[in-house]
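Just so it is clear, A, B, C and D label the chains in written order, and each chain counts residues from 1 on its own.
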Amino acid sequence: DIRIRFRHILFSVIALVILISIATIGFMNIEELSFFDAFYLTIISLMTVGYGDIVPESEAGKQFALLLIPIGAAIVTYALGAVASYFIEHQLSVKVWNK
Amino acid sequence: DIRIRFRHILFSVIALVILISIATIGFMNIEELSFFDAFYLTIISLMTVGYGDIVPESEAGKQFALLLIPIGAAIVTYALGAVASYFIEHQLSVKVWNK
Amino acid sequence: DIRIRFRHILFSVIALVILISIATIGFMNIEELSFFDAFYLTIISLMTVGYGDIVPESEAGKQFALLLIPIGAAIVTYALGAVASYFIEHQLSVKVWNK
Amino acid sequence: DIRIRFRHILFSVIALVILISIATIGFMNIEELSFFDAFYLTIISLMTVGYGDIVPESEAGKQFALLLIPIGAAIVTYALGAVASYFIEHQLSVKVWNK
C-alpha cells in the first residue's frame, strides 16, 4: 500500500531530523565546534563521505561519532529504500489508475 | 515489466546528469575551482568516496555540498537499484523466451 | 516470516561482533594502536566513512584493512537490509493482527 | 531459482576481478605506484572508503578514478545484493527441504 510507504518515509525523515539535531548539538558541546561546523561534520559523517577536513579530535567526540554513524547509516539506508519504493509504487499506481 | 525498469534507469540517468552539471558549475563559481576539479569534487562527493584532497573550503561551498550529497546519494541509490533490477529481469525474460 | 527476519538480524549481529573483535585486536597488534584507536579505525573503515585521521600505516596493516573492509561491508549491507525488512514486516504483521 | 542467484554472484565476482585487475595495472602506469599501492588505492576507492592517504595525483589518474569508481560501485552493489539474496534463498530452500 502506497500510504504505508509514505508513512515509512515520514517516520524515517522524523528519525533523521532528531538524530541530526542530537548529533549537531553533541558535536558543538563535545568538540567545541560552531553550529555550522558541527552540522557539516554530522552530515559528512552520516552520508559516509568523510572528507577528513573536520573530524572529531577528542576521544569523547570519537566515541560520539562511533555511536552516531551506525545509527545514522541504518536510518539513511531505510529512508533511501523507502523513497525508492514510494516512487516505484507511485508510478505503478498511476499506471493502473490510467487503465 | 522490463520497459518500466528501463524508464527508471533512463529517468535516474537524466536526473544524475542534471545534478552533476549543476554541482560542477556551482563548485566552479562558489569555490573558484577549474572545470575538472569541480567535476572531480562532485563525483568523489556523490559516490561518497571523499578522498579529502579537494574539499569545499568556504562556508557557501560546504552548504552547497551538504545540499548536493543527500540528493545525489538518493539518485545514485535509485539508479544502482534500477540497473540491478533491469539486469535481473532481462536475464529472467531471456530465460522465459528460450523456453 | 518475521522470525526468519529476526534470525537474519541475530546472525548478522553475531557475525559483526566477531569481525569487529578480530579487526580491533588485529589493528592493535599490526599497527601498534591503542584499543580505542584500533576500534575507531575498524568502525570508521567498516562503515566506509574513512576520515583519514587514523589509517593503517604498514603494508601488513593495509593488507589487513583490504581483507576486512569487503567482508565487513557485505555483513553491514546484509544487517541493514535485515533490520529494514524486519521493521517493514513487523509493521505489516501488527496491521494484520489489528484487523 | 537459487542457481540463477549463484550465477549472478559468479558473474559479479568475475566482473569485479577484471575491473580490479584493470584498475591496479592502470594506477601502476598512470600514477607510477607500486603494485601493492595501486591495488590498495583501487580497493579503498571501489569500497568508497577513501582514506585519502593514497590518492590519484595527476589529472589522468583522477580521470581514471572517476571512470572506475561508478562502474565499481555498480558491480559491488550488484554483488552484495546477489550474495545477500543467495543466503536468504538458500536458508529458505533448506527450510522447505526439511519440511
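Observations on the model:
Criterion: a residue touches a chain if its C-beta (ideal position, glycine included) is under 8 Å from a C-beta of that chain, and two chains touch if they have at least 3 such contacts.
All of these numbers come straight from a predicted model, not from anything done at the bench.
Each of B-C and A-B has its own count of C-beta contacts, and the greater count is at A-B.
For C-D, the equivalent interface among the listed pairs B-C, A-D or B-D is B-D, as over half of the contact pairs agree by residue number. Distance between chain A and chain B, defined via averaged C-alpha coordinates, is recorded as 18 Å. Centre-to-centre separation between chain B and chain C, using Cα means, comes to 25 Å.
Shown for chain A are the residues in touch with two or more other chains, namely 48-50, 52, 81.
Within the complex, the chain D residues that touch chain C are 36, 39-40, 43-44, 47-53, 76, 80-81, 83-84, 87-88, 91-92, 95. Residues 48, 50, 52 of chain C are the ones that touch chain B when the two sit in their complex. Remark: chain C residues 4, 8, 45, 48-50, 52, 55, 59, 62, 65-66, 69-70, 73-74, 77-78, 81 touch chain D in the complex.
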